[in-house]
Every structure is written in C-alpha cells, then in structure tokens.
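Since the structure comes first, as structure tokens, the remarks are kept for the end.
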Amino acid sequence: MRASVYRKAHFNAAHRLFNPQWDSEKNNAVFGLCNNENWHGHNYDLVVKVTGEIDPITGFVIDMKYLKELIKSEVEDRFDHKNLNLDCPEFRNLNPTAENIALVIFDLLRAKLPSSLELQVRLYETERNFVDYPV
Amino acid sequence: MRASVYRKAHFNAAHRLFNPQWDSEKNNAVFGLCNNENWHGHNYDLVVKVTGEIDPITGFVIDMKYLKELIKSEVEDRFDHKNLNLDCPEFRNLNPTAENIALVIFDLLRAKLPSSLELQVRLYETERNFVDYPV
Amino acid sequence: MRASVYRKAHFNAAHRLFNPQWDSEKNNAVFGLCNNENWHGHNYDLVVKVTGEIDPITGFVIDMKYLKELIKSEVEDRFDHKNLNLDCPEFRNLNPTAENIALVIFDLLRAKLPSSLELQVRLYETERNFVDYPV
Amino acid sequence: MRASVYRKAHFNAAHRLFNPQWDSEKNNAVFGLCNNENWHGHNYDLVVKVTGEIDPITGFVIDMKYLKELIKSEVEDRFDHKNLNLDCPEFRNLNPTAENIALVIFDLLRAKLPSSLELQVRLYETERNFVDYPV
Amino acid sequence: MRASVYRKAHFNAAHRLFNPQWDSEKNNAVFGLCNNENWHGHNYDLVVKVTGEIDPITGFVIDMKYLKELIKSEVEDRFDHKNLNLDCPEFRNLNPTAENIALVIFDLLRAKLPSSLELQVRLYETERNFVDYPV
Amino acid sequence: MRASVYRKAHFNAAHRLFNPQWDSEKNNAVFGLCNNENWHGHNYDLVVKVTGEIDPITGFVIDMKYLKELIKSEVEDRFDHKNLNLDCPEFRNLNPTAENIALVIFDLLRAKLPSSLELQVRLYETERNFVDYPV
C-alpha cells in the first residue's frame, strides 16, 4: 500500500548563472541573458514528492502539516527573497541552475526525513522550464 | 509502442479526518483543522493514467470517450456532492485521506479495466496537496 | 495615478444550499445536488481587489503584507476548514451560495479598509463557477 | 547526479481521426465527433523531458536555449497552424491521435539528441486529455 | 445587491482567417499563418459573465445549472468539433476571428436571457490571446 | 461593435523595493523582505488589454501579431533578465513596485498605439499579487 504524496511551495529569488573560471565572453556564450552581472530573478515553484507506505492508523504517508512546515523552515525561509549567489552559502561554489537548486533542496530535505521515505523534488524556474531530481 | 494516456475529472465533496478509536484530543493533535466534526470540503481533481500498447488500427491506448464515461459512472456519480464519511460506504471504516481516496478510486477503476492495461490515479485534494496511487 | 491591486487567498469549506422555508422536493428542484443534507464542499479561491491612488512615497496602493494579513484574519481564519452553515453565524440565516459568500466577505473586509480605497471581491467556488461582488 | 529537465512548448493545429479502411459508419462509431470530415482543432501543449547527468562545469543536463530552439525547428515550425492530416507527411498514413502525434514528435527529437540523453514527450490535446510516450 | 456570476465552458474547433475579397498575397500579409487554406484549430475556452440582482430567496443571480445547460445547447453543441468556416452558418460571411466568435456567442446567449440580466462573453483562442465582448 | 483584446507576455527580472530617502530601519519596516539589499526576483506575467472597434474588414480590434511584436520590443526586450533598479533607467528614481512597473509599461505602450485604442495593463508579480493600471 505505497503511495506518493506531493506538496507545493514557492519562493522568489534573484540569481545569476556563470562559471567564475571562464571569461565574460565564454559566460555570455553559454549562459546568455542568464549571465547578466546585475542579476535577474524568478518565482520558483517547488513540488516535493514523498513516497512510502500508507499508515493504516492515520491514512497518511506523511503528515502534510509536518511536510509543509519542513519545507517552510528548510527551503522557503532559506531562499525566499534572497539572492541565491550572494546570500546563500549553498551556492557560493555552485552555479544556481535549476538542476543545482533542485539538488540542494533535495539534500536539505533528505537530511530531515526518515530513510523509510523516498524523496524527489521538482523545481519550476518558470512555467516552461522545470527540473526533477533525482530521476 | 507503449504509451500512457491521462484523463482529468473532478468532484466536490465534504469529509472529516478522524480515527474513531482515538479521543477528541488525539484526533485534533493528529488531524488538526481536518478533524472539524462539522466537516469541511474540497474540489477534488482526479487524473487517471492508463498505460498500454498503442493499437495500430485506432491509434488509441484506450478510447478516451469510454474512459471518460467510466470515470463518470464509477467515480464522479459516486462521490460528487457527497459527504465521503456519511454518504459513501467505501469510507465507513476507512479514513478519507487523499491517500485512501486515491486507493479506493484505483480499486473501483481497476475492476473495470482489462488486465492488459496498467492503471495509476492521481488525486488533488487542493492545488498544493496531491497523491499518486500506486507508486 | 489610480491603480487596482489584487491579492489571492483560499479556504476549504463544507456547505449545503437550501431554503428552510421550502420542503425537500422544492429544495431539490432548485438546488439539485447542492442540497445534499449531509453537505458537500469546495476549495474556495478568493481574489480581493483594492483600488486607489498609488502613494508616491511607497509606490503602493496598499501594503500587500497588510492586505494578506487582513484576509487571513478576517476570512481564512473564519471560514477555512469550516462548515459554513453550521459553524459560521454569518450564514445562519443566509444561504451560502457563492454570491452570498462573496457579499459576506466584502462586508467583513469593507469594515476594515479606509473609505478612500474601493473594494471588490471575486470568489471561485470551482474553477468553472465564480462571482464578483459588487459589480 | 542525474536529473530530468522539462521544456514546455505549444502549437495549434487542425486534424481529423479516421481509418481510411473503414466506412463512415464505423469511423463515426469509433471516433465520434473527432471524425468530422471538415476537421476540428486543438491548442496542443507539449512538454519535452530530457534525462541525463548534470554537467559539473555548467550545472546543466542540457542547454535549455538549445532545447527550446530544437523544439521550435523540429516541432513548432512543422506543425503550428497546420492541418496534420493534409499538410504533414508524417500523418499521411498515420491517424493523428494524441498517442501517434506524441510518437512522431519523439522520433523527430530523438534523432537530434545525443544517445547519452533519455527522452520522453508529453502531449496535451486538451487540458483534460494527455499522453506520455514512451512509458 | 448586484453581482456578476461567471461560468466557464470550452469547445474545440478548426477555422481559417481570410477575406474572400482579397487575393492570396493580401490574405497572407494580413492573416499570416492563420490563413492556411487547409485550416488549423484551437481549444476555445469561453467564460460567460451574467450580471444582475442577487435573488433574496435563492441567493442566486441566475441558476448556474441553467446557465451551464444554456451554454451547452447554444454554444458547445453548435461549435464543438466543428469547422467554423464550413460547418457553421454564423461564419459563412463573417471572418471567424476571436472578436467575431465572441460577438456571435454573445448574440446567441443574449437572445435567451431575460433583459434584466447583463451579459458579457470572454473567449480565449489560446492561453495568450483572448477577447471580451461587449466592452 | 467595440471589444477588448488581450495579449499575455512575460519577463523575468530582479528588483529591490526601497526609498533612498529613508534609513535601513524604515525601509525594512515598510518593505520587509522586498528590501533585501542583494535583490530578489520574479517571473512577471503581463496581460495587455486593448479596446476599440472591431474592424469590419479584418474582424480585428488590432492585429495580434503586431501587438505581440510591440510588447516584445517595448517591454520584454527592455526588462527581461534585467535588474530593474540597476539596468533600467525607468526605475532610477522610481521604486519598482508592481504598481509602478505597470505604470511604466502603460506609458511605453501608450506612446506607440493610436489614440483610437484604449489601453490597460495587468501585471502579475506572483500568481497571488497583481495590479491593473489604469483603473
């Protein structure tokens, strides 16, 4: 009796894509407009997927109130209204692409969830670009 | 040549989450606002996923008109504008969490579909909380 | 320099449509499935529209953090996870149609906003049925 | 460090479902309104899923600007504002069901992507009917 | 106590934009891809807005079940899965732009609603292009 | 025969809300998280509404291909992937609240449209916060 439950959250942040080991020309060629040195930003939508047994006593895979609070404390409070490159040590040495942001969020939540529960995160950078991690 | 086809449907219902073997205090601690003894309700959105071979004659995995009618007769007519706890025998002894509602809908549809077709249901309790069964 | 600002909120509630002065047959004829005596429910989406001058000092018509908190205290805390007919005195003698819920919400918010600001509320009972009050 | 990235696109097209080896009566019985000999149409939404390793240098699974251009040249330019049956050789001998359109789009994109990347396409014929290929 | 109520509906149709008094070159210049002589199509979303007094007995501006049926019989049954130019006499001498389709739908519904109710229709040709009539 | 036509567009940008004549404490009190000195950002969705006569020759209020290009050149190219405060002279002395961004976009488009057409812009800062200008 395994099911997956999903909780949606969101945060608004600024970022810039670039590789500090490349010059400006190479960064522009690879990252285009996303390399604007004055930053740009997004409304990130996050969908957290948790998979496990349906508890026969509660009917829950996980208490969604708990999951909502966990996402708030671990993700929203950390990244909302922040500059990911400047304000967030997680991205000091990691390019904040949607792929890498998803990976960081996965690691933050994975550390707080019991190992009996599987975890996957989906991150929407825009309505048209989104990422799942892990696969 | 296997594909998955999806059909979206919806129903509006009232429910209450509680465990009859617990006292009121325990139910409130676990189920919070969802334990309101006078019920609350949702617009449930349902997405039914059917996986199988694409028929080379029709180009269909399953006739979507048939699937639409099946969801109407088995799910929408049964649960729409109902109190899941009071009106629906499926939940007489089963807490109507999103997980359990998905499980019940899966069983209702599974019984009507040929075994050559795989089935999964996704149930949105709100835009922010949803469930897949099975995994 | 007048603009309208909008803030979206939501609450989940149970309700039943009926006129206590009519018999069951008349209520069923007029209200159909919505007259289920065991209630049904909805995810109500609310959009509050406030119109006024853009303040040249702040660039705001109204502080959206304040508006968000006002909607939370006046509307969401009052109606979320409630049975509108049983739990909410506003509907003791008022049929909780979408029109009447919008009217009640308008009155609750109107009483808290300065008269220099115009107010309109939009209430979605479902994605397909919604209401504006006043016109 | 494998992730899936998704890119959304769309095109508007006319089509008709029918099997040329069947008479009109049989086609109507199987395809219903979709068999209208004067065509009907849809706003097709396409979501392309690409799975692979996150490149440690760029933080990308694939450059989304490239993927966007690939979908434009291979899919949107080919099918947008077209009659799938009349204008598109891909459907000369293939009934343009959502399943078959997804299969054709998969083949077009698969031919252009390196084999190290996995590919899946989701095609929405309407908001309520959609398809994944392959499974 | 006036309010506006809205009901959403949809239909899928093929069409072509052109002016029969112009040659092909002029039609292409003005209507671009929409002038494809083999047609293209859309999922049209329709939102019907009805404004009037809230009836103190029912709490309704208009019975939404009636409005839903009216839209079905007057609009959906007439235009769904049709070629607007070929199958629908309303567009025999009228270019089926979103503006004109909205105007035709307005006239069809206006003829069936009591004059005490105001009417406006919104027609989405795509998620990104839509029209209100009248203003 | 007047109608309103709407065109949806979007751009992603960074910004910061603050009043340079206030100290940090006052700015934090009024603008909260939006005053982060390292910026944050949004996916802005823009809906441009143009009202006028339906041309009896074309069936158009305005050519939507022209309107789409106008929005691209005047708004998207100017603000997409920019820091509104640093990169855009329009906001050198104007706090980039949603209200003020809408006002600036209105002025940019108003200058390019014939006076026979009315104009209104709606700007979504998030799905939950949006603005109309003018009223």
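Some points to look at:
All chains are identified by letter, namely A, B, C, D, E and F, in their written order; residue positions are counted from 1 within each chain.
In this section, a residue touches a chain if its C-beta (ideal position, glycine included) is under 8 Å from a C-beta of that chain, and two chains touch if they have at least 3 such contacts.
Just so we're clear, the structure is a prediction, and the values are computed from it rather than from any experiment.
Among the remaining chains, those touching chain B and also chain D are A. Common neighbours of chain B and chain F under the contact rule above are A, C. If you match contact pairs by residue number, over half of those in A-B turn up again in just one of B-D, A-F or B-C, and that pair is B-D.
Set against the Cα centre of chain D, the chain with the most distant centre is C.
Centroid to centroid, with C-alpha atoms defining each point, chain A and chain D lie 28 Å apart.
With each centre defined as the average position of its C-alpha atoms, the distance from chain D to chain F rounds to 33 Å.
Multi-chain contact residues of chain F (touching two or more other chains): 127. Every pair of chains in contact is given here: A-B, A-D, A-F, B-C, B-D, C-E, C-F, D-E, E-F. Of all the residues in chain E, the ones that touch chain D in their complex are 10, 12-15, 33-34, 36, 38-43, 80-83, 86-87, 126-127.
Across the interface of their complex, chain D is touched by residues 17, 19, 30, 32, 94-100, 102-103, 127-135 of chain A. By the touch criterion given at the top, residues 1-9, 51, 54, 57-61, 63-65 of chain D touch chain A in their complex.
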